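Before I ask anything, let me first share the structure, which is written out below as structure tokens.
Every chain is named by a letter (A, B, C and D) in the order it is written, and numbering of its residues begins at 1.
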């Protein structure tokens, strides 16, 4: 293939820019379902774990899913084995994957985040950490990711603990995501990723009451893509650190739109549910989209689109 | 029909709870296209005008539309004849409609809003006014609808000017819409309406640059319905004034979900584009949904869903 | 409703489900017909908003909105009016419509918009009409040709096509009248652009004595507009712009006006006078 | 892959487009078959995630996600494996699948999940099996019956149906073996619930000497679970819960565990031991 897809992300060499969204692909469960083929043709250039917490969590009562027009709502509630269980049971299996491992962590206080980043960061199997800040800080009662101040101080607390890349996973449920991203960068984040899910609810047609066991959840899938592209643009323009773009990416054309909007990497989430190998397909289609346009490397279009000269004006005015 | 759809909204008697979203139905243009039949079988129980401003506006450069999965992005840019042009040319025509008229206004300062509410409010043809606060206040530079403080002070400034109902049109692009709604209520608003469009962008597949002439726009249609239902719940729980619910309503089942979530009225927006008589169809289907369930009046389910006893548990656990 | 074909015919209020009567391929384009029992006879230049009643969303959950199509002909038949449309498959919506089977249902809103004017209204004293069509743009000219013929207006027809694959539905639509052809690949008629043929006509002495009606790709429309302006000949252009509603509700179909500001093409157009606009090149229109 | 039918058969990685070989109606339910050239032979109790390759979205832009279906039979044929599924039309996804024409393509991910255990694994020394199915729930029992028969396991089959309209595909699926029937309208067999028939068997002396396998509506499953628990008979239930992915990725298919906490039904199930759960009534499951 004439197109160069390799990408250096925070010093990590990646074969291509397609990774997974946290919580949308369980490599261990997938291996049970698909066997070694999953490892042989692993769909992502890096694997992002589901978010882990200090203590084990059962997750939310069912129902946890609701299908929406061109998307879905989930209210999973971060079920996980807890830090200890993850390090003991999951990390050994995840370290067998052929790609760098990014571990997503969430704490409800600086202490919890500190413990998570310390413990996880020292593991050689771990290449980077993603901070899920879509949760309240018990000390302030505020959602960290909704407050630039909270986000900055969290990063300032965590930055000294580890050399490894820290990625801030932004929540889209704010008026100004760029301000939060900037605060993260100022606090020492190496990258930001977006979007997480949009707050959403559904009504049970039979009871006319909330369908989801937890009352509400998060919207994802193609329906949120236009919102993701908008916030990606705002954030990519506001920070100089790399941005991981996600939100409704289903195919190579979507991936190209996110790269052109400023994403360093793109993550596939909900689409994994419709096609377990979506990551490989998106990468293939994405390379094809670049070739069709004669684009040799990502830097040619990232964040700016096609150069004026190359512009095919047809779709604009002829 | 055995179901009673009449609704009293801020003292205005309405035949049913289905109105239009501002800017999604132009009764004057529709009359040119469909003739008197439009007036004879007017689809809404009250008509909400497109937002007007003090000065005339041309609107944004094209392209202004982008179709999205289960929705669309618009960047229309509030084209309108300005206050004077509206009062002279549009108001006479709108006063011929068989339903109460709600005029949507937007200002960039307290003075502009004051002038709009004074002028429009004194017109007998006008039943109520909707305040579009999704714009920056030139004095503070802040988007009024994103700031509880800005919203409260705006309402405090406008409340003394008119006896007529003032509706605050909330923007969904905030972390806590309920806080803004509460501020509006404290400031003296008679009702709130939500949701306005979600900030969104699209990439031209040919140029890999922003498709929309204005760079970005607002997302609407079925894809935003789950977000609308979530914010509607949060707002309806937070205020005691009536709430107008909208966002992706396409049929009677959607309307029922919004009423069950706490809406006093529901507004049809984007669906009007797919079916000019969508309002009438939604009302018809909505009445059918109520009848099927043996619900005699809206108050039986508004904001609470079916009573435990009536619960058909089938879809939950049997 | 009468069919004299030059006034803005009103549409029934609310979308209606019509049945596909026929759908066949003709030289690269699909011609499909709807049976309209209760709708009025449209005027030439008007359009309809169409969407398949079932299976509309094709790829990536699109299309969501209906699509605009100029009516290419409207013929009274036993089972009611037959509406003909020409479809150029350029994306999911046109692909779905092009694939409709007879008997399938289509949601219809129309006729909509401003039709072509009569030559006399357009250019007082102009005895004749010159129709200039390019590619899929021949659609509204086909019904215009018939409605002009019904009124006995002498009409000359200039049509341009890319190649053999895109010389859509000529026979059916322009039968029984003299057509001058231009094709880019020269497989038929003049090798080159249809505007070359128009230039010849406009240079000829009869120039001023005719009104020009044109529809086609924006660059062709713009050439026609400029040429008519230069030789001071009245012209009307059937334009396109992205449309969500088609009846003035969304303000999405903005086209820049010569005097500044915008018009809603679905209300003030799709037929516009050459003097109303500065250019026929509109951002977002064209089949990209 | 062998077809001994009691181990977790792995799925090829990535969704595959398979062709619909047949789709016919049988007493209220649709039975449709896919031709699977390169897939493995599934074990009884496993399921597939299915979606139509074209025109998936039906109403309100749904379905978006694939749908889970227990394989009802898997038969080697010349053109490769034939996978049979039973479809109960309860919404847009099942409606679309029920309407598929032979030759249409279906996206397939599977076989997935934990299959039924052998009677001996389930209840050491249990010589026989009792299959208890209700309505559409007969699907996984059909292939289980065949795979048990292949292994010469003595099997008694109890099936319950609402009425004549819903006595799905009996003949085809349970031909050649003795079936005791219960129908709520009494049009065939015992008038009442299938669990009445199970009660009789469990009271009989042979009770402990068999393992019970059941699939059907949650209330029926719960009754079977409780009865087997009461009479201390080992049982396995093929359950349902809302699924987005089917391979452990979304954590959406949570079913409460007896010991507290949840299992992912697509990974730990859909076949679960009666002792693993406190109740078979799961919020969000069932066909509304």
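By our rule, a residue touches a chain if its C-beta (ideal position, glycine included) is under 8 Å from a C-beta of that chain, and two chains touch if they have at least 3 such contacts.
On a predicted model such as this, the values are computed, not experimentally measured, just so you know.
Please identify which chain has its centre, taken as the mean of its CA atoms, farthest from the centre of chain B.
Using the mean of the C-alpha atoms as each chain's centre, the farthest one from chain B is D.
Going by the touch criterion at the top, tell me which pair is linked by more C-beta contacts: A-D or B-D.
A-D
Suppose each chain is reduced to the average of its Cα coordinates; what separation in Å results between chain A and chain B?
Using C-alpha averages as centres, the distance is 33 Å.
As a quick test, compute the distance in whole Å between the mean CA positions of chain B and chain C.
Computed from C-alpha means, the inter-chain centre distance equals 35 Å.
If you average the CA atoms of chain B and of chain D, how many Å lie between those two points?
That gives a centre separation of 47 Å.
Quick check: what residues of chain B touch more than one other chain, meaning two or more?
63, 68-71, 205-206, 221-223, 314-316
By the touch rule stated above, which residues of chain C touch at least two different other chains?
Expected reply: 57, 60-61, 64, 282-284, 288.
Answer with line, ring, star, complete or other to describe the graph linking chains that touch.
Here the contact pattern is complete, since every chain touches every other one.
Name, in rising order, each residue of chain C that touches chain D in their complex.
Those in contact with chain D are residues 55, 57, 61, 64.
Which of the residues in chain C come into contact with chain A in the complex?
My answer: residues 60-61, 217-219, 281-288.
Which of the residues in chain A end up touching chain B in this complex?
66, 68-71, 73, 143, 146, 173-175, 198-210, 216, 219, 221-227, 229-231, 233, 248, 253, 256-257, 260-261, 293, 301, 304-306, 311-316
Tell me, which parts of chain C touch chain B in their complex?
Answer in residue numbers: 8, 10-15, 51, 57, 60-66, 107, 109, 112, 241-245, 247-256, 260-262, 264, 267, 282-284, 288.
What does chain A use to touch chain C in their complex?
69-70, 222-223, 250-251, 314-318
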